[in-house]
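Lettered A, B and C in written order, each chain numbered from 1.
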Amino acid sequence: MSTLLEVQGLEAFYGRTKALHGVSFSMAKGGITTILGANGAGKTTTLRAISRMVRTTGTIRFENEALERKATEDVVQLGIAHAPEGRGTFVHLTVEENLKLGAWGRRERGNLKDDFERVFAYFPALRERRRQAAGTLSGGEQQMLAVARALMLRPRLLLLDEPSLGLAPLVVREIFRILKTINQTGVTILLVEQNAALALDLADHVFLLETGRVVMEGPSDVLRKDDAIRRAYLGY
Amino acid sequence: MDIFIQQVVSGLATGGIYASLALALVMIYQATDVVNFAQGELAMFATYICWSLINGGMPYWAAFLSTLAIAFAGGIVIERVVIRPVENAPILSIVMVTLGLLVICNSVAGWIWTYVQKPFPSPFPANPFKAGNIVLGAHDLGQIEVTLLVLLCIYLFFRFTPLGLAMRAAAHNPVSSRLVGIRVGWMLALGWGLAAVFGAVAGMMVAPVLTLEPNLMGGVQIYAFAAATLGGFTSPGGAVLGGFIVGVVENLVGTYVSFIGTELKFTVALAMIIVVLLVKPTGLFGSTVVKRV
Amino acid sequence: MSASRLPRIIGLLALLVVGCALPFVLSNFRLFQFSQVYIYAIAILGLNMLTGYNGQFSLGHGAFYAVGAYVSAIMMDRWNIPYGWTIPVAGVLCLIVGFLFGLPALRLEGLYLALATFSLALAVPQILKYFEHWTGGSQGIVLSKPNAPFGLSLNPDQWLYFVTLGVLVLLFWLGANLLKGRIGRAIVAIRDNHIAAEAMGINTALYKSLVFGVSAAYTGVAGALSASVIAYVAPDSFNVFLSVTLLIGSVIGGLASISGAVFGALFIQFVPNWAQDISKAAPWAIFGVFLIGFMYLMPFGIAGGIRLLWIRATRSRVQQEGRSAVPTQAHTTT
């Protein structure tokens, strides 16, 4: 199993405040990894670090290419798609325009028709609303749009920040089901979630962050049975 | 009635100029929250460049198009070189830089080309266009056509091309734009380039009427502010419509309201601004930004 | 923190001593220029209060300057009221006018308030010319400089220098007390997050209008002083250019700062002269270059730049002494 992403001694800063204190982990190609932790643990910051949206020290290697000196736009071109916290929808633009923009970072543009068909197959609701302003979509649909937009990049790595936030349980379960399908087509997924139960179900590997440090990691079926995790994050 | 139609057409012609400059202001404001006070002076500078090209023997339309290209490049260079170093500074500091650009442009233009008024040619025939009893200036009609053509091209560009889409995205949501791989800095630079083009069109259209001198665009810029206020600083379409409305109102008030001679016409623009701000600050088509706390 | 205040007080006193000595050393013209600097500094402090500390953008403070100047001029010219009385009257009148202007301004924010004040500034010369009967129209009102009282052997320029310096010291002292106390904190809180300020029980509407009034009062007093110092008022001296110049002085000096007002005043008084010395042909281009250059080097103004240097200097000294993070002596507002 080849390593897709490797992070070593990552420290991240907001101004002069240090948010990550030497995080290290690696991800294998084709898997689903989830980062769990309470509010403020540094989960979103970790994704932002990979997308080069915060100042960092330490190394980040993606398919053996160093990311530290790259800008966000370059990282996107390498095939890393980031659906950020809060969805990041272009609310004034239509669903279709949002999707077109998702493909902007692709090295080879090509015909977008097939990509459209593919994402509409995953998310039929988006096809119905393709000419609607994205801001008029419901929360669940906007989350689907965020994932769909990320997929338009034909990414090798998909970064997802709290896709369940603010959504009804049924909708969340549907989205997670689709994520599994997407992963089976070969897209590696790094998922940040507060909803530990769902995340542990979906992922094969887990990292637990506490105040900017990795305190536990391992395969999800092992960690799911761990007492500390059960009590703190699964509530039983 | 004939006079009314003539004044409306005349108003639409000047309105087109206000619309072009207002569009330039709104484009940059939307993307950066900065009002580019130097927009009018940059337009004046471009007009002088056109004058020099024509004086050097270039035919009018060749000079016109060359000037647009030069203005485009100039706008990009100014954004990347002059504005970029302060792009993260407080808004008022960036406004100071645009004020600095304003005085530099004005002063350098006066130094290179002197303050003597220069006639600027109009590409349109001198003979007026007659329709029944209505007499319409050919320059006015031509001005309206050129303005509408430029506006149409821009609309098509933003609506239907990928680059236009990327620029719209970068203006509305720079963070998400970076996340899809758009180089937001360069989109801003392109925005400044296009704004410079609109300004240049406005300058070259108004110069034959007002005669070319370094303070050519001073008054026009005030009207452009009125236009953008009326239409809404957050709405490019609104700013354009605002420009035409301001032009027509200015002309009609000047014609029909007796105590407002040519001197007080200026006051009309100011009054419009104040009224709009008191009644609906965001303008006819602007929208209030709802911030979550 | 009295240890840090003492050097400051000594420094200010030293400056005051130097300031008082200048009239006996400099020519009348230079004294005139420095009086002008003090006047601008008072006006800019007014603007700083409103735009810097309270976050309300004003591109029209020249209007209050004009009101102050004309009130003073009319009182002196029409009713022979001594200049000394005209200054507080101008201040109070502008306080009221500013407060009244502040009420509708409550509905406008940022860009829109800037546009409204900009339009006001543009209209001032025309309004002044319109009310010819009072203002003397385009020709303005010619005044005479007052003589020094009590038979002091000072010429009018020297005396006016001391008057402007005295008013400056008084108003700056008052302003400092206002801005560094509870009221100042409330004003800044409104700027930074007016919803939170409201939620904490600050009457934002009242404070914002009051700040507008006080700000206008300061600038009005400056205008009244200028009527005596220049001994002439005319509508075209109070055009939009004046408002923009005051704003430039404010930003260059440092928006939310008291000392910044003085730096800004020095800038707008002397840099145009230097620019002319550098280039007779295109002096304003040189001024523009100075303006842009200052913004590149000190985007938070001169006062902000000095503060940053001070922080860096004290921080490195602290690090060398091996102590962990210690609060530095610089405050968030000067």
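Note that a contact is a pair of C-beta atoms (placed from the backbone, for glycine too) under 8 Å apart; a residue touches a chain by one contact, two chains touch by 3 or more.
Predicted model, so just to flag it, every value in this text is computed and none were measured.
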Shortest contact path, chain A to chain C, counted in steps: 2
Chain located farthest away, centre of chain B as origin (C-alpha): A
Closest chain to the centre of mass proxy, which here is the mean CA position: B
Inter-centroid spacing, chain C versus chain A (mean Cα positions, whole Å): 52
Rounded Å distance between chain B and chain C, as computed from the means of their C-alpha atoms: 33
Separation of mean Cα positions, chain B and chain A [Å, integer]: 43
In chain A, residues with contacts to at least two other chains: none
Two or more partner chains touched - positions in chain C: none
Shared-contact residues (touching 2 or more other chains) in chain B: none
List of chain B residues in touch with chain A within their complex: 162, 165-166, 168-169, 172-173, 175-183
Of chain C, residues touching chain B in the complex: 51, 57, 104, 107-109, 111-112, 114-116, 118-120, 122-123, 126, 193, 195-196, 244, 247-248, 251-252, 255, 281-285, 287-289, 291-292, 295-296, 299-300
In the complex with chain B, residue positions of chain A that touch it: 51, 53, 71-73, 76-77, 82, 84, 88-93, 97, 100-102, 104-106, 149, 153
Touch list for chain B against partner chain C, complex: 29, 33, 35, 82, 85-86, 89-90, 92-97, 99-104, 106-108, 110-111, 222, 225, 229, 233, 264, 266-267, 270, 273-274, 277-278, 281-282, 293
